[in-house]
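Before I ask anything, here is the structure I am working with.
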């Protein structure tokens, strides 16, 4: 029981981190049709830049400065590199961002080295926030969730209550019409891309401190974020939220559960599957999100709540 | 698929093989590696270059075929069928295409790319579930001499192995060239150009894509088999995202349209991996940089650029700009590495020219920025 | 025998019903012009017949075969050719290859992995015929995206007919063309439609009068009249639809 509760808590925390990343990605994808393969790389940049700033000026400075810098870089990226590729189609954009992700990873190794670097929360957050079922819930995790909730509340307020947000919402489902109405969609796209990048960087500052800050962090988290976006559906922040929570909790639960498959499924009938039967559920955890994504793409490409097809 | 067309290629490959054998065992090994990658790249060219299907999971067919061949060698010990072993790989590849191809090719564009990504990761994540097939962390080893040659060759030696690899690669090249001249070949191009319109002309786009996937997977299977036989070991890396990314990078860099494209890409990768990596730690960065620049500026790849250069010779100014830019990049990157790692790079000539070049770079970029600022100020002050 | 029969077709997008109970019978071998004010649903009708959209209700019969709700390749294989208002070509392929793709299926050269395309004399002959008809022989190796606007519209028609379709649907074949180019297209269409059935969406009344045996008028998703061009021109309801009821009455008195 307490294992379940702790896993649930951890899973939700992880889910919030995933949501911070997925929200930016799905917004960019729905708006511009660009599946930004380098989104997780921006997360990584946020972590590294944040670590460097934190070492010089403290954690709070990192929280403010890293998203700002990476957000500006994102704007520049969209404006000068991505926009000319729109005419060549989505596949060209995907190919480019894929190469970019590769390049950013190498550049990070170039500047900061190939190993992990020291990036952690300030001592103020190292205690425990509360105890649930005998297990302490670390303060830094609570902080992570707070940052996620705050930034997403800000995003929501922006999208739901400002004029720019209105344009974004309209462009989510009818991009051509918005352009015909005379709105400067180019500016809106650049701003949204920058915002998504900043959000990813912010997630990086907290995520990199909670997990490790190393060059492979983008590749590890990147594909999971794709899974979340695909499952949740395009054009839907709600979908991204539910999918992020779902995937986060599912993965954490599966890793925590110490059961073998044979205890659940009657696999003993097939000797060829003996190795499969002996597998622990926790060993299946890595492949579950991919299985879900593949299933979703084959059955319902719109995802759970999407309005447009990929 | 006439012999006459393959003959010039065969002559070139034969000449290269003799050169390789003269150069020594290491070069023979490299040559085998390049040929295997070329074969893999040709299959990817069919899928992505011709049919427009960007796959992030092409290594699945390749890797599963490699494993399948490794097991085939184990079970066929003593049976003189060595030269036919790649057929086992082809069979596994075909199986992958049939099973995975049908549901997957009902999607296209980004959805297709994502599904192949997911499938690739899924298969790679499965490797612990089937240790009998995948051999766990250590992979599966094989001894190719266990299966005697049909032609009496001594396959323990590098050169006969290279010959067999070359023969099969040329066969795959022949298949690909031949298919380009069939109705199927034209249909794949049409699907890439306008998937909607071809439906109004009687074709089902999904079917064309599926057949394309079947053929590409089969040919990738041949490449996988050649890989297993060449290296005598297959690990989970063969089905990994890393391998899928590699064939993508390589084929795009080399060129998606020309059959020499994957060869150029393979040569580029091999040179970077084996030679440049000794000089500088930044070789992977350069590799990625070349890819990104090509995707952005010249999506037709190196072979495409070469063909364009043959039609219209590039101006001296263009060539000079490219060279200067490349030089500046190398100086910048090597200096950054030196600063970060604290050890000097082993790039030839750096010791003498490096610091000077860096100073020149800093001065010139400072001057350039200043000049741009002055010009910008002048413009804003000019009467409207 | 009717080449094409539409019975009770209905199609709605969201809350708007665009096709509201359309009935139409196109006789075998005739040339029918489909006219009507903007937004009447003409292109939607073409989309329904060619399988691009599925109707909510009703029947579409091509030479007796039910086509409603079937995908585009079924309609194409049944002998229906459809052109697009905005040229929908294979941009990166040459004019010759464009026509080859269009003619391949009907001539049996489908997804064969072994037969060599260039050796198929029947296909070569058909492509050459089309090139001559379209007067695009001198542009045979030019990429489709490098053609001029008028040449692209011609190729568009060529793609529709190259497969030997018995029933052609042409969507505004002369849109955006000069007088001279329009004349060229009229001549082309006349030759192409010999022995075939043709349904043509047109706004240019000169073309309609030149080519059409009958005219069908579509207003608000319903066919209000089908008759010869002369009768349709005088028809009060048609005038009302185009000019407005008041203006039509005035015009009638003039």
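Letters A, B and C name the chains as they come in the text, with residue numbers starting at 1 for each one.
The rule is short, and it goes like this: a residue touches a chain if its C-beta (ideal position, glycine included) is under 8 Å from a C-beta of that chain, and two chains touch if they have at least 3 such contacts.
Since the structure is predicted, the reported quantities are computational estimates derived from the model, not experimental observations.
Taken together, the touching pairs link the chains end to end in a line with two free ends.
Centrality annotation: B (chain centre taken as mean Cα position, compared with the mean over all protein Cα atoms). Chain centres here are Cα means. That of subunit B falls 45 Å from that of subunit C. Computed from the mean C-alpha positions, the centre of subunit A lies at a distance of 49 Å from the centre of subunit C. The geometric centre of subunit A is 30 Å away from that of subunit B, both derived from CA atoms. The set of subunit B residues that touch two or more partner chains is empty. Interface of subunit B with subunit A (complex): residues 52, 54, 103-104, 106-107, 109-111, 113-115, 117-119, 121-122, 125-126, 128-132, 241, 245, 248-249, 252, 282, 284-285, 288-289, 291-292, 295-296, 299, 333, 336-337, 340-341.
By the touch criterion given at the top, residues 33, 35, 81, 84-85, 88, 90-92, 94-96, 98-100, 102-103, 106-107, 109-113, 223, 226-227, 230, 275-276, 279, 283, 286-287, 290-291, 293-294, 297-298, 301, 309-310 of subunit A touch subunit B in their complex. Touching subunit B in their complex are the following residues of subunit C: 50, 52, 71-73, 75-77, 81-82, 84, 88-93, 97, 100-102, 104-106, 109-118, 159, 163.
The part of subunit B that touches subunit C in the complex is made up of residues 179, 181-187, 189-190, 192-194, 196-204, 207-208, 211, 215.
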